[in-house]
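Next, two complexes with chain A in common: one pairs it with chain B, the other with chain C.
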Partner chain A sequence: MNNVLQLKQLTKTYGDFAAVDQLSLSIKEGEIFGFLGANGAGKSTTIHMIASLIPITKGEIEVLGKNIVKNRRFAKSNIGIVPQEIAIYEDMTAYENVRFFAGLYGLRGALLKSRTEEALAFVGLDDKHRSFPRDFSGGMKRRLNIACAIAHRPKLIIMDEPTVGIDPQSRNYILESVKKLNAMGSTVIYTSHYMEEVEEICTRIAIIDHGKIIAEGTQAQLKSIITDQKTIGIEVRTMEGLNLEKLSGIAGVRSVEANEERREIRVSSDAEVNNLNRILKELLADGMEIRAVEERQPSLETVFLTLTGRSLRDN
Partner chain B sequence: MNIWRIAVKEMLVSRDVKMLLFMLATPVLLMLILGTVLSNAFSGSQAAGDIRVLYISESGVTADELAAQAEAKGVILEQASSGMEESLREVQDGSYTGFMMIKEAGIHYYGNSRSKLENGIVNGLLTGIAERSKLEATLTELPNEGGAAAAAGGNAGLVKETLLEGSPRPGAMDYFAIAVTTMSIFYYAATAGQLIDNERVRNTAARLLAAPVSKYEIFTGKVIGNVVLNTLFVAVVVFISKYMYDANWGSNMGLVFLVLISLIVFTISMGLAISYLIKGKAAGAVIMIIIQLACLFGGSYFQVVDNGDFISVMSRYSPLTWSNEALVGIIYGNDSGELFAASEAILLNIGISAALLAASIFIMRRREGL
Partner chain C sequence: MKDTLWVFRRTMTTMLRSYKSLLLYLIGPIVGIGLSFLIYGNEQQVAFRVAVVNLDGEQAVAQDVASFLSGVERVKLSELQNAEEAREQVQTGKLDAALVLPSGFSQGMISGEGSAALELVSIDSSMAASYIRTYLDPHLESLTALGRTALETGTEFEEALAKYSSAASPVSAEVVEDRSVQRDMTNRSIGYLVLFMMFSAVNLSAFMIKEKENRTYFRLLTTPISGRTYTLSNVAANLVLLLAQIVAMLVVMKGLFHIDPGVPMWPLAIVLFLFAWVAVALSLVIVAFSRHSMTTLALQNLVIIPTCLLAGCMFPIDAMPESMQGIAKFLPQRWLLDAIDRLQQGTALTELGMHLLTLAAFALAFTLIAAYKFGHNKDTRTFI
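== the complex of A and B ==
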């Protein structure tokens, strides 16, 4: 497989602060590449440099084997970006929006018309050609946001948190769309704050922190990094009486999280310490009614937390 | 091609019917209100205390005799330093109320046709001079038709009065058709100040920059789109004032529109430059202050008379002054005068615009993003 994108010692500094610090990465044709990082990790800066939105301080970016600084128009023509914020004109119809942006990529005449219609159909807005986005729901705007990025059929699509603030139905639609785009031949870079989305669609993942890639690989490869840790999920009838501090004090326990909605307690612990009986005993002593206990493989969230020391959704 | 696409996009995003109606209704209504309410200020008359009359005396009547009689009537008499021809021209352009040629045979008075009230007052003076000086001749022949002449009451035997057609001047509606149109153009600076900022707010700046389009194409497309859009608006306003209010826009509409377009380019460049020089919402405030001052000193709300006071001194620096003067020159001047007036204003507007756009591009080049 050929490299669609290659970053070589990529660096971006603002004064003394390095937002991206000698970052190197290769993304191959046909991948859905997950880009994970907490806010301020350098993820958006990297994406902005790839999309030529901001200049590179040092290093090199190659798109389809060509340096983007020397071949700016070629690189831009082969990239489609779905920005984190909805980037459409509310006073232009859905059709006019897609047509305008596709036109900037050199499409003309009948081809422009057919690609515009295809893009709108792809995101399920084929019956909304003449509608104005100001009348759309959040999910529909997000879908139009995607249509504007794909009408010119880019080889590389960058999706920066494309599912923020939308309903589960639209989210599923978008995730399915990403898979379809990938099946049609596009390589996708996908960033999200929703770990389950990344787990569902990404074939390879990089975790970025403080401007550097700290781990990279398939999901299995990343999870295998955490061999010394186990996760125990305990479902209870009610959270009443739960004492998180007491559980955290048990030998081997690294962290305890309570999910009120699912009435579940998640305990991350050293794999080698046998402390399940003690944990259950403490819960029973507090009068809690245990319904199910499950020992789980480390999740991507656990991997992320372990490597970066913070949750993906931390600010 | 991309420049044109961006220009068309600028027009498409402005299809807000409410905004369009507001942009059209405001100048059209303002013209009607100011043109009607302030019509008296444009009658062409001077206040009675300001009646100034030139004279040449070829009779035995002395300057002192004349001055004494004129003072009693509240008329300022000034002996003409140049010849009769030059004096008549000064009457026609409104510098003086009239000119009188005093001969032994009688007095021939040439009054400006716009100063009817003042001519009546001068008429009383003429009778007095003629009778006291015992001028002998009888001048009974009077011109017939308008612009030409009117009889001078009961002393027709000694005084002949000729009314000279004054140089054409704008009436209230004519003046405010020009002043309000140029003022509404100047207000485009406020929207121009948000041209780039709007792309940032809508987040479309990133998408535009990610496309294979240069910053210059985006910038140029936006400027052209807004110039075309605003020219269409101005054309509608001009034609409404011309056909609904009967405002005089002259016979050379091409030259009129060239001046108006140059002012549109100027205001858009000014709005853009200020939005680049001053970041954030402060830019909007600065633009609004400049607009208000330019309109005030530029004669948008009332006609500024050049009498050396603070407002008339400041008015020289308002782009609206030189644009309005150019338009008045085109509409009411002669062929050579109108071309000069237009070219001067167009060169000023375009020259300053070029400098402002260059400053904007310079700042844009140094910026990340638009």
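== the complex of A and C ==
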């Protein structure tokens, strides 16, 4: 597989502060690459440099094997960016928005028309092409935001938090769209605060912290980093009477989370400490009815937390 | 170039879709012409309502004065019998002035005593009184001189008056067109146009700030077009709009209001086009120093209104103190208005090199400041 994007010793400094510090990364054709990092980790700065919005201090970025500084137009033509903040014109119809942005990539005439229509159909807005975005729901705006980035059929699509603040239906639609785009030949860089989305669609993931990649690989590879930890999922009939503090005090327990919706208690613990009996005993003592117990692989969230010391959603 | 045109088309489409902006851009200057027309156009049509109260009866001198006054242009003369009634009508505004010829007035003139007994009733500082005095005083002086001469030579006053009245004057009178009003209307109209041009230019340049706020600007920068191309397209749209404003204003001024600027259209248009560049360049400076559209709005008001007032866009510069007139020399609007003033006085455009160069220098300086500021602005906000 060829590299679609390659970052070589990429560095961005502001005075003495290195926002991105000698970051090297390769993203291969056909990947959906999850790029995770807390706020201030250097994720946005890296994407800004890939998008040519800010100059590079040191290092090199190659898009399809070409240096982006020397081949700026080529690089930009092969990248489509779906920004986190919706960036569309409210005073232009959905069709005009997509057409305008596609036109900036040099498309004209019949090709421009067909690509515009395709992009709108792809995000399910073909029946709204004459409507103005001011009349759209949040989800529809997000979909239009995507259409504006894909009409020129870029080889690399960078999606930054494309599902923020939308309903589950639109969220699922977007996730399916990402998979479809990938199946159609686009390589995708995906960032999100929702770890379950990353787990669902990404084939490879990199975690960035303090401007450096601290872990990179497939989900299985990342989870295997955490060998000293185990996660126990306990399903109960009702959460009534649950005492989290008591569970946290048990030897070896690192953290306890309660999921009210799933009626599930998730306990992260030292792998070598055998404390399952004690945990169950405490729950039973509190009058809780246990329905199922399962020892699980550490989640990506646990990996992220362990490596960065922060939860992804704490940003 | 294709990219520039693509963005240019979008800017123009957006602009044309906003009818409020269109009103400001095109109707605004035309309203300015209308205002100038109302303010200055009425000046030449005012007729003063004047009454004569002749208490001197059928005396020849009194009759002559009344007759003279009725022949004065812009005077609508009537007769009243009572001085009190005349005063009352002046006070209530029914009359602009009243001329009271007291009993014995004619005899006084004949005996060479002059016109001291005559009374002109008017409101204090009345324009009508000044106007009547301008015509009447020389005539009364002539009559007084005639009276003295008649006394000295022993001739009959009536005979001398008849000779004086019938004498063929060696001076021929020719009525010439008063162009000052037309010039005033032109200058004021252009003053308002300048104001609207500057506001329009900033409003259109502020599109760039709004695009930054909507983040579409940063999205544009991730496409193959550069920030420079984007700015250039905005400047092009801005210039096209200002040129349309100038053309619309000149056509309406000449075609609809029949105001003759007293200058051939081409030199006038060239000077105004040059100023359009100044306005666009200044708008770029304002935008370059603004982070938000509210800042643009504040800077727009802070810069444009005071400088237009100082430069004499809204009222004649001569009405201002000398120190203020000195400051106005540092303003591009003043150089434009002065250039037009000189063109109206018959100076050829080729002789206005200093004015044209100064305007070009203003435009160039503003362009360079804006370019420098844009070049050092690395603001990408929270686009990603």
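Quick notes
Criterion: the second predicted complex is superposed on the first by the 315 of 315 C-alpha atoms of A that agree within 3 Å, B and C clash if a C-alpha of one lies under 4 Å from a C-alpha of the other, contacts with A are read in each partner's own complex, and residues count from 1 in each chain.
The criterion applied here is as follows: contacts are C-beta pairs under 8 Å (C-beta built on N, C-alpha and C of every residue); 3 or more make two chains touch, one makes a residue touch a chain.
The structure displayed is predicted, hence computed values, not measured ones.
In this superposed model built on chain A, chain B and chain C take up the same space, so to speak, and clash.
In the superposed model, A:F100 makes contact with both chain B and chain C.
Applying the stated contact rule after C-alpha superposition, one finds that A:P83 touches each of chain B and chain C.
In the overlay built on the shared chain, the residue A:S44 is in contact with chain C alone; chain B does not reach it. Of the two partner chains placed by the overlay, neither chain B nor chain C lies in contact with A:L276. Annotation: chain A residues 48, 51-54, 72-73, 76-77, 79, 81, 83, 85-92, 100-101, 103-106, 148 touch chain B in one complex and chain C in the other.
The part of chain A that touches chain B in the complex is made up of residues 48, 51-55, 72-73, 76-77, 79, 81, 83, 85-92, 96, 100-101, 103-106, 148-149.
Residues 2, 5, 9, 12-16, 202-204, 206-213, 368-369 of chain B are the ones touching chain A in the complex. If you check the complex, the residues on chain A that touch chain C are 44, 47-48, 51-54, 72-73, 76-77, 79, 81, 83-92, 100-101, 103-106, 148, 158, 160. Listed in rising order, the residues of chain C touching chain A in the complex are 2-3, 6-7, 10, 13-14, 17-18, 214-216, 218-225, 378, 380, 382-384.
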